[in-house]
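A single structure is presented below for examination.
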Amino acid sequence: MDSIAAKLDELGITLPAPLAPVAAYVPAVEVGGFLYVSGQVSFADGKFITGRLGETVSLDEGIAAARACGLLLLAQAKAALGSLDRVERVVKLGAFIASTNDFTDQPKVANGASELMVAAFGEAGRHTRSAVGVPVLPLGVALEIDAVFAIRTA
Amino acid sequence: MDSIAAKLDELGITLPAPLAPVAAYVPAVEVGGFLYVSGQVSFADGKFITGRLGETVSLDEGIAAARACGLLLLAQAKAALGSLDRVERVVKLGAFIASTNDFTDQPKVANGASELMVAAFGEAGRHTRSAVGVPVLPLGVALEIDAVFAIRTA
Amino acid sequence: MDSIAAKLDELGITLPAPLAPVAAYVPAVEVGGFLYVSGQVSFADGKFITGRLGETVSLDEGIAAARACGLLLLAQAKAALGSLDRVERVVKLGAFIASTNDFTDQPKVANGASELMVAAFGEAGRHTRSAVGVPVLPLGVALEIDAVFAIRTA
């Protein structure tokens, strides 16, 4: 078993099946030592996590939704790379959080994905991030997060 | 004629003149094997496509606006590279779509740009993407899309 | 003194102390010839610049807030690289601007950061950019801007 797979196993983390893109793009592109992963929406246990922070989605539900996005990012990276052991560094997460006009805890919400990356990769999981509020996301989901990873050449 | 130019010609696609940036930045930067292109706003036939999806802009108009952004991205890439044949891969599109709070078809809208990339470059046009709703964009346009391309060294 | 440090000094620009991330991520990651810097929020003179363009934040205040984000981006880059002389090129700024639904001057606002980059680095400071309106940002700040720099290997 790969070391990151073993680590996830030890943490009791099971990666979901990667989602098929809902439109005319691909989940991941590897080029020039980087893996770009398309924005992954909040989806868990077979259904989309919808709604807005500050309204129908609580802070804890938002954190769980961010973690769900993070799991899907890892699932897409694994599907693209064969093994997460090829990840040299998590470089960047871009977090878009459906928010009412007065919800300002986007950083706490996005931590649901950020902490997953550190749990999975340790130091190599420490990444840069932007986290912003948006009024609405595809399919009415609560979160969308995209990612850039640095990759060891195979 | 370059092969991508020939392909666009065959598809009946004419690239617009690249727009000058509306502010203190440049349309494209090539570095380290990548070409970054600044966010291109929806502009066609000499005027900005303004408004919001879910309100004054229909789904079909939104798709056309996304295609207009895609054409401008290609026009900027061509101006920066000399020839689109230097594009090794379309890596990432970041689509920002002016939306009412209840419009959730951002993926269908962004396909207007995504499908153009695949039409122009074939397999090399298959890219990663994020697509999110925003309340408002520069000059009141309906869409803004930025891009990252991987480039063959000259 | 490094040349960029001397240039900033000559311009009367003092970099602020870099801010600690407000959550589980890091300010900057250098990899593969690039430095990614996390979204920096508008903060100056010891306090966050909060509010929305088109409402409680004037155009001039927005431009100043963008410049404050730019100064923090430079402060983070300097802390990560040791010297800003290692910056080969400012590649991309991603500007998120808290806006009312009818405020459409995001490009003028973001220029506060863009012009700082050109002042600091000259030609190497000319970058690509996206600038979009968002309803709300972390801690209620007016702006968040992230960046990608190309870096000379040490």
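Letters A, B and C mark the chains as written, and numbering starts fresh at 1 in each.
In this text, a residue touches a chain if its C-beta (ideal position, glycine included) is under 8 Å from a C-beta of that chain, and two chains touch if they have at least 3 such contacts.
Everything numeric here is computed off the predicted structure, so don't read it as measured data.
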item	value
Chains touching both chain A and chain B, listed by label	C
Magnitude of the superposing rotation for chain A and chain C (Cα, nearest 5°)	120
Mean-CA-position distance for chain C and chain B (Å)	25
Residues of chain C engaged with two or more neighbouring chains	32, 134-135
Parts of chain B lying in touch with chain A, wherever the complex brings them together	32-34, 88-89, 91-93, 99-108, 110-111, 114-115, 118, 126-135, 148, 150
Partner chain C, residues of chain B touching it in the complex	21-29, 31-32, 36-39, 94, 96, 134-140, 144, 146
